[in-house]
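One structure below.
Letters are used for the chains, namely A, B and C, taken in the order the chains are written, and counting of residues starts over at 1 for each.
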Amino acid sequence: MTREELAAYATEKFAGRLTPLATGKYDPLFLVNDAGDLLAVARALKEDPKLQLEYLCNAGAIDTGKIDPPDKRFEIHYSVASLQLSLRLDLKVVLPAGKPEVESLQPVWPAADWFEREFWELFGIHVRNHNHLGQFLLPDDWNQGFPMRKDWDAPDFVRMPEK
Amino acid sequence: MIVALELLPIFQWLGELLGGLGLPASWIDPIRYGALGVMMFGILAVVALFLVWWERKIAAHIQQRFGPMRHGWHGWYQTIMDAIKLLQKEDVRVATRDKAVFFWAPVVGFVAAFLAYIVIPWGDGLIVADLNIGILYIMAVTTFTVISLLMAGWGSHNKYALLGGMRSAAQVVSYEVPMVVSVLTVIIFVGSLSMVDIVKSQQGLIFNWFVFRLPMGPLAFLTFIVAATAEANRTPFDIPEAEQELVAGYNIEYSGMKFAMFFLAEFVNMFTVSAVAVTLFFGGWNGWEFVPSWIWFLFKTLLVVLLLMLFRWTYPRLRVDQLMEFAWKFLVPLTFANLIVAGIFKYLGWYW
Amino acid sequence: MAELRTEEFVVNMGPHHPSTHGVCRLMLTMDGEIVTKIEPVIGYLHRSIEKICENRTYAQCVPLMDRVEYVTAMSCGYMFAGAVEKLGGIEVPLRAQYLRTIMLELNRIASHLLFYGVTAMDIGAYTPFLYGLRERELIIDLFEETCGQRLTYNYIRIGGVSQDIRPDFVPKCREALNVISAKMSDYTGLLNENPIWIHRTKGVGVLPADLAKAYGVSGPNLRASGVNYDIRRNDPYLLYDKFDWNVAVRPNGDCFDRYMLRLDEIMQSIRIVTQALDGLPDGEIMAKGVTVNYKAPAGEVYHRVENSRGELGVYIQSDGGKKPVRVKIRGGSYNSLMVLPHFATNRMIADLVAIFATLDVIMPEVDR
């Protein structure tokens, strides 16, 4: 099915759980309405015979820097694909600023393993039920916070002049 | 039995000179032998240096590049420069090493490599000592190198070096059997273990040499050369020094002159097994009479060394268990079968 | 009589190691010669490219992308430029698309030739390394004539390419491709029938297809396990759907298949480049209206490219400003390294070296 058909099908099948977003400029982008529903939605997407989205391409956390309102600060963006049916779909979850937590998607897509380790290490987003959160990319003795957050600062972090 | 010393004019002259100086007779022989030892050492050092240079040039030309070109014509004294560089290097010693073992490992390896040259026949009448157990002595002495590898692995206090040492011990011990049995296959027809006798029984030109004369000669030569490549720790059997796997294996913690000793010992070993192959299979120093016998010997040995070098730069490396499997499940039965056939031929007199 | 007790010991392979390509540290728990557990420790090449990109304009991010995977820097540049073009709906002129396709495929050939050399060297054959690099030089020379660089090209820009090719590029390129396709028989002839090579690579390190799909393995590693998926065909970008070429797939998933598949891919890439050179049109090389201060409109996109190591993808979120809000890069080697502990255990360390070499992992993609 084409991208438009995919968007229409997913909107209809998951009405109430997924909301299509217009900001996705190419492949269909859906917002998971309830962050706690994420694992069930992921499983449904994988097991749906017309979608078969069993391949996780990318999972990245975003700090939008929006502190007002504070409950939409962090987002996590998952890009999934179906290899047999050549489909592509994007999912998004919005997390609040306070203690952002998300469920690990390893039971559905084992590839989420290392992507989720980065969520914790660089953003401070705790991943429930992950088997190995901890030091990953940063040095062993890193104690300077979560670097990818927009409000992170360090003595030697130089911001380019706005011109 | 000391044939060579009397025949070599220099040593005769030296003996007369020392006698003329009034030294007691019991001192003349040790001094002459000492001079002979120094001369042998010098020859072997030159041979090792030449082989290192030659290997680099052969490797380079196989790989479509030039190799050493700067130091001298086509880099002929590159190895001397490398030796001088290694002499100047700091002797880095791991603090937790086993001091005695670490120190003596390169010495043992070096000495073991050179000991074999007591019985190598360089030409007609050019042998240090024609022991009547010649070839057996060489087989025994070349096994000493495994002690030095194990000592190096243990003394370095390094997991990688220990793994390398143990693998090499397993490898050398496994390939001793096919090597010795291949040698035996030829010895049956000679009737004597003395190196000079072996060469003398192949007098003449090509078709008198054992590799062509005996029906099982080619097979014995092939198994010998494969086993000898493994004995000399050369690719495809260079697991102990596999750079890509264990970062140089047993000699990882050695630097400077100690490393140079291991390195030179490896090349001297390579020359030893080639010399033994030439003696046993290719007629030693025999050839057309108008060329001196030692030139024939050197020429043939360098051809076999060339063969070993071509092996190294062409084939990938065997995995340790595949290597052991190849030795025990393939080479050993093959060489024993060859030996039995040789025995049958000798008994029935089907040879000349 | 005391029982013989053997202990497992932990050996560190790398970060300084000749055969972990780049600075990768593998903590191996070994029982004698057998590796029982592998734990990759990464981050030695972490340059925080993503954080830097949040602080740069879109045009300033482009040269940074070359460093994400410097062996195939053209793909990285295109990955970012393509994503921004999707965000902004930029129409790239046809000549620029042809040039981009040619450069990407030439880069793939160069990368696979390097793979051939390095894999053979890791398994012990030293000579193929120089043969592979000798042919790679032909391609690198072409790149140097076009954009001045041998490794990190900074050639593909948002909206097109930075400079046009020289007049003698096309004949030189054709000649280089002729030389390479003639030499392929040398490469396969040297190794493929060699019993030592076959023992070291056939049946060694089989990556099952479902494990590969579960862990997001992509590219040649996935296709060598029998999964017929190539982003150039299944989700086409640039001009791949206009050319006549095949997707190379191999059934077994062992080291030999991974190695042969990349050689097959070289032949297919040669086909693509030849067709592209035949059909190269005249025209502009840069889209109109894209300046150095280009601001992508608000939106988010994930754009992916079939790199020689797998799926190289970038996720960009923009809020309409000069600098992107988030750039998340995903490299093919990331997933190959992620799946390594799950299929490469319980074999000897020599096999691990062969598996690691044929997975073609390079660290800048993993650490960014």
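In the analysis below, a contact is a pair of C-beta atoms (placed from the backbone, for glycine too) under 8 Å apart; a residue touches a chain by one contact, two chains touch by 3 or more.
On a predicted model such as this, the values are computed, not experimentally measured, just so you know.
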Note: chains that touch chain A and chain C both are none
Suppose every chain is reduced to the average of its Cα atoms; which one is closest to the average of all protein Cα atoms?
C
Per the centroid of Cα atoms for each chain, what is the distance between chain A and chain C, given in Å?
25
Return the distance between the CA-based centres of chain A and chain B, expressed in whole Å.
64
Cα centre of chain B to Cα centre of chain C, whole Å, reads 45
Hey, which residues of chain B end up touching chain C in the complex?
59, 62-65, 159-160, 163, 235-236, 238-239, 242-247, 312-322
The chain A residues in contact with chain C across the complex are 23-27, 29, 54-58, 60, 62-65, 77, 79, 81, 83, 86, 88, 90, 109-111, 113-114, 135-139, 147-148, 159-160
In the complex, chain C residues that touch chain B:
9, 11, 17-19, 33, 120-127, 129-131, 134, 190-191, 194, 196-197, 199-200, 348-351, 353
Which part of chain C faces chain A closely enough to touch in the complex?
42-43, 46, 48, 50-51, 55-56, 86-87, 89, 213-216, 227, 229, 234-235, 298-304, 311, 313, 315, 317, 319, 325-326, 328, 330, 334-335, 338, 367
